[in-house]
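Across the two complexes that follow, chain A remains constant while its partner is chain B and subsequently chain C.
After this line comes the complex of A and B, so read on.
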């Protein structure tokens, strides 16, 4: 008799969380949330510029970025964990982008100041400690290189765009295409040299970045309004844009290797036809993004909406809060969704609740709803059958079981073979707390 | 021990030995009203003053006395003999006086004298030191922290500790480098803020002379004038390096002559969403830095103190071990 799983695999493997299970009552007003890559920690950016990191196992805060100075002084707009979980990138309305090394979380490792507030910041996986930043009222996104002693920012601007501009200056009559300000950016997960940006006039721009050359390879107009969010699936072939015209557009993105043929195929549009609500934030599920979750703008709606991307149908409404929700993040390892409330600034966690299957403890028994009459099976007590069964069991035991090599992927297809960074304990601060405590007594 | 004579018939008998009273020292049980010889119960006779409430072995076992007679639950609990606390002086078996550990003032003095006599030379000094504390409050606080008088040789140890030096250097750096920098930045921001205010004053709410000139030259001057009643007009005034490019009057003239979004590197937009609250942000950043500096100074000072205490304690421990090693015979 093989070992049964204590938990029903069909409920364990649910592809999206269903129930509100936890609420973090934070002392500060949370603006944005982001899980660490392994789902061990949750970073929360607050409206006063503080960044707090919660441990998901204990549900308690474990560290605060910049507790010895150098923190942000205005609300955090964007938080990103690096792939290995050691670095955090934060962008805030105080015009700073800061990079934090969690080994030394008490002060920022590097920082760069722009001349206006930050919209978003993203790591660019192609470069060590490089990131892409979009800034308020700037035509182009910036690439910031934090690997240098003094970080530098360079405008991500295609060579053809620059030419257009100089032409425009020489011949004033030639009207160049105005794409508007660049608001959002994301890097293609499979092709780190490709950067996709969204602008205030409804354009998607696709750049190819190489070491010394930036090329604008494709533009596409999706609407005539602001891009608010742009997300891309882990597989890189689905793209969704939340724009100010109250619509989320989901595209199938296809491109060939040398980027000569790129196409955006509109799959579905999601909009609230009745209330015409705006969407606050959107997020894809993992791998090929089978689900899309969004939070709604306005005090009347307190839920997260979850659609199936292959059919465009609403499959689930995540409820349980009584306030408007802002930012969303989805942890694929423990399958939970975090979102922060607008009014209280609390963070809500939805996760999967698994009913225990007690019959797994005694595999010979079976859970039945009501009494059933036992009927002997035809071959139940056959000698030959038993012999064959015994042989089968023996064979099963002869198979060598590999206990030592690690599995590469978990049941949901997430990579687990990565080194998860563990935030070190700050003994000094414990010491300090103790002595302050003594002093105050 | 003298054997008591056998009881005559009809005579009252006591104790577990069941013999009549022979004048020997006895103690009465509080449970069964019987009397018991000290000798039979193997209690030294010198304890006779220390008995507070006595229960005989039978009452303690619950055969007789309150536990056997029953009653409520509390009464049924097995009784125990209670003793008074003995005077701290070793060979005195008198009970202690109220709120004291001694039978009287004499023995208190005698006890402490003996204790000081018994201790070895270095410890005696400390003991004397302790006894010189001015009042009870000070005395009670002894031992809560490390001793105030540093042990000999502590200066050398403190001077040679790397961590301590590093902390001290950090504190020094904070005071001599970071704070002046911060102050310089603050004054620069304040001065530039003043300049922007002056420039705005010249442009919008300045003297009537400015208005006359404006009406004549720039059509753009008319626009801010119209809007003036609603809200005081002001240019954004943000400049990346916070250096006033020229005198505010001159800037006002230049702006009026050629209104643009940017004059001499200064953002000259009227409603600038881009640099919104630039002064406020920089001010709170500086404020934040100042608070951080203050708390770092406090923290470093505290850490220095903790480290010093730690080193002194280690030294004390080492001295104690050395002293013990000296007194023990060498094998």
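After this line comes the complex of A and C, so read on.
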């Protein structure tokens, strides 16, 4: 975006937010947050099942999903925007996964009911309107196809998984054949056919999905406790797992094209060695995930911790709140992090603050860091011929200019998508509010 | 070589009416809206009158702006207010805050913000959902007469003022990011040359600027350099802020056309790359200043001070 080109490059290119800049005092209790793909909107899932969309330009709520009925009735567990920003997927403790079309956000477009509460829901990029859902006390994740008239759910269970079990029986530790319940899932960002799941007994399972076949291609045990969160970097080579043993493990994930060689190399573990706190939520920064941010569990901790992933060192503590923080989302377009508080349910935004450039107001002036002693430059008062100056200006007009082609990436390396979905304004609600005001006056 | 062909006259000139300063094609390319005293008249591009909306403005209108979804029209009036009117539902918001006549309006591409500028030397940014003022940008020392926001990039706002400065603001913070002045204009012997119109190129990388003396310039605003200058014939009166726009023809390989209205009722078209005059439309608008030019796709709409409004199509002979 062009404003970034005109600001101090050292401020613009900071890689993580630094200061708490905004607090959304929400009327409902927020339990999870997610930015829309371009960072235009922030979706907040609430404890009563409502989903509210905030406009980040105005900092005000613009719509509530299902305001004509059909919303969730229990706490929202997971929210996902589709890549183009038009659809939202929500999973809640009321056993429903719902898909919303923001073109008509007042009612769910499709829904599917499981037999237990939902843990997570994710879009599967390979399939139009397909998603992957993990559910309470189920051994496997489910694939739900919302492109059908009546959505169906199929268990994602490898055809070889049974064979693996019988093989494993011969091994000493009989317990390993039981992977436990599947709790978290994420889709590989570069390989839409690869699904990675994490289980309650500390296993990572890597599946290859094709149209008619599901294959379990790799398993890896990271710990003896359950996976709380699993995230994967945009480039797909870094994976982090937050598990109940108070540790975040960061892995380097390498694989070859036909998936015969897959390896998880443990890079760093992040632990709070003093207070032994658990971590609530984790999130990577963009591209190759230079940074990892986490929120801490427990009433004494009110901060977000940010580590550099290449060295494993803590580089920043994001402060400013008076309560424990839960969910985290990171918008890379405007470089801000959103997190919601446990007690008040408010949403906090940390961003980069770029100081105003006063010299921009007067083009002849220049801002200097400190006083400098004036020394006349060699050519400072040279009389440039009127002619030479004119020639210079004329030459500038000969250079070819491109008034058509758009920039594809912003200065931070994010893709600029001009076809991002814009949530239509609900004129009826404006009129309703107006007549309500008129009556009260 | 393509040229503008007259599709039709939407409105004939009438005598002794208030001056007409604005006519705009809708973003969906289906309608033209223009102001008639305090009313908005909407025509479809076939030339038929569709609807006339009356507003609650008490003074004549100086500018109007379609919302990006083509459902609402915002109008700027000499009564210091802005009114957002929905084509079907009527008035949505009345934006009060300026302390002098409002001169120009611009929606952001998402339609959630509306920017207005005024003779009170300020620019205000409004939330269109609630009708509340979000921020005021005061950085000019004379009336601000024109503002623009790139089609696909709402992060910046450009403004042109009678103080001769072109400024670029950050819409989110309201900070001034850049000031463009061509030193020669700014400090010429007969004082500053007021800026009358600013318009971003479609890709948001260049800014077309017209000053009141009728000279157009394309700025590379990031580098702060003039990259093209277009002169038809110099206006001496410095009276009318005549319209201009970029025309992007459907053929992606062609460079856009710069279309500009003059004080004596002509419309001049230049090739933006070669600066060659490709067309000069004379004999329409009866020597009345062409106050607004609005392009969308291959269509162009022009209106002159006397109220004559014409619709043109850019097509091969």
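Rule of thumb we're sticking to: the second predicted complex is superposed on the first by the 371 of 441 C-alpha atoms of A that agree within 3 Å, B and C clash if a C-alpha of one lies under 4 Å from a C-alpha of the other, contacts with A are read in each partner's own complex, and residues count from 1 in each chain.
Going forward, a residue touches a chain if its C-beta (ideal position, glycine included) is under 8 Å from a C-beta of that chain, and two chains touch if they have at least 3 such contacts.
Values in this document were obtained by computation on a predicted structure and should not be read as measured data.
Of the two partners, chain B and chain C, it is C that touches more residues of chain A. With both structures placed on the common chain, the touch criterion links A:40 to chain C but leaves chain B unconnected.
Contact with chain C, but none with chain B, is seen for A:360 once the two complexes are overlaid on the shared chain.
Of the two partner chains, chain B is the only one that A:74 touches; chain C does not reach it.
Of the two partner chains, both chain B and chain C are touched by A:431. In the superposition on chain A, contact of A:397 is made with chain C only, not with chain B. Of the two partner chains placed around the shared chain by superposition, chain B is the only one that A:115 touches, whereas chain C remains out of contact. In the superposed pair of complexes, A:27 makes contact with neither chain B nor chain C.
Look at A:405: by the touch rule set out above, it reaches chain C but stays clear of chain B. Contact with chain B, but none with chain C, is seen for A:94 once the two complexes are overlaid on the shared chain. Chain A residues 431 lie at the interface with chain B in one structure and with chain C in the other. Taken in their complex, chain A has these residues touching chain C: 1-7, 40, 55, 57-58, 60, 62, 334, 354, 356-357, 360-363, 393, 396-397, 399-407, 416, 418, 422, 424-425, 427, 430-431, 434. Of all residues in chain A, only 68-71, 73-74, 93-95, 115-117, 136-137, 428, 431-432, 435-436 touch chain B in the complex they form. Note for the complex: chain B touches chain A at residues 238, 240, 273-276, 281, 284-285, 287-289, 292-293, 296, 299, 302-303, 306. On the chain C side of its complex with chain A, the touching residues are 68-69, 71, 86, 89, 92-93, 108-113, 127-130, 134, 139, 150, 152-156, 167-168, 170-173, 175-181, 201-206, 218, 220, 222, 224-229, 246, 248, 252, 255-256, 272-273, 275.
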